[in-house]
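Pasting a structure below so you can have a look.
In this document, chain identifiers A, B, C and D correspond to the written order of the chains, with residue numbering beginning at 1 in each.
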């Protein structure tokens, strides 16, 4: 951490700040510059925050040098984490497709979808039972009944399942039915929920929040990991920007950067990222080209009667078409993925 | 709602869409334009969503005309809601100040602060016991112990209390100690939590989410109200934008607009909005000038040793100074607040 | 256009609004709904703006139904525009690479780069002579001298050239030296400059503004086209969002959507979009996967001594590596590009 | 400036970086930390940019400590700049109102408005003659004819005048007619234009760009000042965010912060910031409460027939009402403005 002093900071201020630094068992390195004095802090800064210093008289700002996440970082673990669930490996060489309806609407609907997306290449069935909806008057999901249908459909179609949990008290219930617990974008900083899924020993799919920085996203993963659950899958699903022609803005730079900063698997959700079925395919291809190791896609047998997200749902046929294109893209970037893009400045 | 057809929509498409509209007991008004055909929907559109139509063949988009919130809107209730708690009225003529530390750190700290902010004009004591922190390694609050200290300090200083609740299962616990339940910005769309506080009969302070639109903010209030709890206080606390020189961007337009669109009281939190103690005063004055009916301010007896948010905390003396200035601003805009600013276009 | 009346609009208001509509030779269709009255406008709305009605008493808002751009839209021209310059076709089946340094620094530097990027597959040489720099104290480019070096390097290496013009009075000068005139992101709404390049008969590369919506971007193209110059190349170069870990946020959804809305060629600039050389490759692959028909890339023989943008410049070797990967991605999505992704809702 | 080395930077890298630093006549201070090595640079860093180092092998990032603007900063000039034009002082104790129509539409319109806004308290008449419009098909202003009407109206009503210039080649022309040259938001980084007005000896009103940071805004002022024109008035006019209920988001924190960072006068434009006439009053009060030293307001004698911006224009009567309220707010914060809000951490 670097502490920058105010222009008119006094000797007394400096002395107090240096003392405070030593209280934390850190070594202060004072550099007196032409316009400002700065202090470099050397030592184990575990848990230390800029705010511990920014309230001190004479301090202009405190600038952290190191990322605040540890367990989620490549510093902690150099090689990629591969999450193995039965025969499916997430984070390895094979692309993983999670597909299914926004919400489980009926036994028939989820069964029909399961067979269809399975045939198209998906190995994990998605379907919401507890839906976080902007309006209290919208369809909120079938609850446990939906989980039962989802589990049954996954079983008969030979697929793993993933579903969102929105209440810490439902984590155990949802865990009984699904293979992967999903944390939605709106709950990415619901720290009670993060801790709760951190206590489970089930993989967690962690969506990036609508306005979460990459650092905050990795810190949310850190919350789960700090409770002992290291099986976290990062999912970029578009961020909120000034552009409203698409539902959100898919951040492919974040996919590429998250893969460098963290060893955790990174996938993408092109359905929520675009909100328009005709853009899901191009966005999915782009995500994989940038390094995504899987996709989560909304597929509905009849998008025109879907109870939610009809405009962004693909038909099974459209999904199959997309899987083909995405597969070719994955092959195209595979040599690069193995050798990795050149490190910065290593010429 | 207005449905816009695609350029190449066929007669068949139109017929199907019209039938679907009638299925919802609505009356379709078809307008054949030069470039596009549009359909106006007449009737009770309760619960109807654009997505019900956007998945239909031939539909380009569905544009809602009316705001989706009802109970929170001025259409439902013309006059201002005033929330009376003991002798304190929130939403009336008198400005309300909620002040105190970011987190309750000790019995002494909260007691000292209570007396100080009370003397400066605050009637409600704030203090976090369950803290939503970006890092799992940061101080997370004292939990129930903190609530005890807060309640005691409120009692002895003759103040009401407000504290954040972050887990639906803690709502009852927090309710036993405080007068107002706070929903933080990161939980504005934690719908389980919103429903839970909706079941209580305690006032709820609802902070606007970091990237929540005004409409989403009012929809979050609608969640609470739809469960029967009509005592919701809206709190603007700055939104996330590209500007990083301030912690967030205080949206004074949202304060003014929320007061027009909704009958609920609107207050502001200039501490989180700016993140810098030297800007809290100007931002607080601006919020009240725009129509805020109260302020929530972080005050710490010794900001330089605060365990969180030291850089944005005022000393009691600074807070007292601010209350004076803000009070003068409130008087300055009072005549306008009574007559209201001119309605649009009413000349 | 749809005009929505205020809740308490009177008969008189309605009559006045209807009269105003008829003044514009449009036909009003009044729909009296349960909560609001709306009016649909039928006829040629050429040049009509929502603001013509939003100032009228009784009007809540005016909602345009049609996009405001004409010449740039697929409605005006269904098939892709291909811009042919010598042997290079921009917008056709072949990817086009524009590569070179941020700024022309010397004759040697641009010559060396030209040969190198040519060998790697680039057909167009980029190099700034007039640089828009945030600071007046930064290197501002070599001016006409830089254009001379650029033109010479292009000639000897057998490449076309592109360079930015920032002042309307320099348009003629720059035109004498280069094959493509570049309008930078900061000048996307410099309407004097747009008109000036619209008078030329040279292709124009139009970068999207930092906070320009897709609609505003296409309207900027419309400015150029409305002056008679139809050879506009759209270039997505990342937008400004809350995320600061990357220099900008590459908007791949905008690439895919611009290709649907407009017939103009769309390329991408992954260098400015990411600002970090190690992310340029993945971002370039993603852009092409989403439908970009070319890339503009900063390449410098020695990024470590570049006078600007060193951190995001590739070495020639890194660029060659990237071209290979991007080429494979282009092949992977080619079948899709021909058949196109499925139209919305056409099942 | 602080240079942070990569985790795996070698001794050789360090040596090269240190040599480069010395080449710039700066003194490197190497601090070997637990996780990273950082280097502090001491000396005159005039014109030095992070990019000079970020391209070097072994460098992770370069973090500037000092703001890049000089002439515009409080470091360069401690006391407020007051720009005196005739009897009007901008930046002093008296609020300054600039009012008038978005565009000069006719001699009668601007004359009528001039008398009306003068009577309400405005001392400077605004009116656009060269209008930057998003659409090439919209009214673009009357050009020099508009300037003539504006100048005449200013003269007969006894007011100063301000009008926007959008083309460097028009700067001289516009200067002949008006007292203050306005640089619009879309041209804030039109560096040719900034340099051109920098050559004049007329005050310049510099609007903040739609997505410009406060630092970039002050750097734009620096461009003008570095050419010798020190009479720059900063104008906050709302930034672009995800919120679309208001046209832009008025950034009151930026007003307060710009006044601390710079000695230049700061005013606000609540008309463009909100885009809705009913919010102009509250936003204007908020801006002044935050420290704005004047307001620029769109006033039209008949907003319902305005050729542009009708929805956000006030009638003269509404403007008069606003001036009264804003005046009271200015008085309310005046004591604070004199003593200034407490410095950070000075307890």
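Simple rule for what comes next: a contact is a pair of C-beta atoms (placed from the backbone, for glycine too) under 8 Å apart; a residue touches a chain by one contact, two chains touch by 3 or more.
None of these values were measured; they are calculated from a predicted model.
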Original post:
Based on the averaged CA atom positions, which chain is farthest from subunit C?
Top reply: B
Subject >> More contacts between chains, C-D or B-C >> reply: C-D
Original post:
In whole angstrom, how far does the Cα centroid of subunit B sit from the Cα centroid of subunit C?
Top reply: 38
Original post:
With chain centres defined as C-alpha means, what is the inter-centre distance between subunit B and subunit D in Å?
Top reply: 30
**OP:** For subunit C and subunit D, let me know how many angstrom lie between their CA-based centres, rounded off.
**Re:** 27
Subject >> Residues of subunit C whose C-beta touches two or more other chains >> reply: 55-57, 211, 240-242, 244, 303-304, 311, 344-345, 347
Original post:
For subunit C, which residues are in contact with subunit B within the complex?
Top reply: 2, 4, 6-7, 29, 31-36, 38, 40-45, 55-60, 63, 65-66, 75, 211, 240-242, 244, 344-347
Subject >> Touching residues on subunit B, where the partner in the complex is subunit A >> reply: 46-47, 49-52, 54-57, 68, 132-138, 166-170, 186-187, 189-192, 195, 210-211, 216, 219, 222-223, 226-227, 240, 300, 303-306, 308-311, 313
Subject >> Complex interface listing, subunit D residues touching subunit B >> reply: 211, 213-215, 238-239, 241-246, 249-257, 260, 273-274, 276-279, 281-283, 285-291, 303-304, 311, 315, 317-318, 321, 325, 328-329, 331-333, 335-336, 341-345, 347
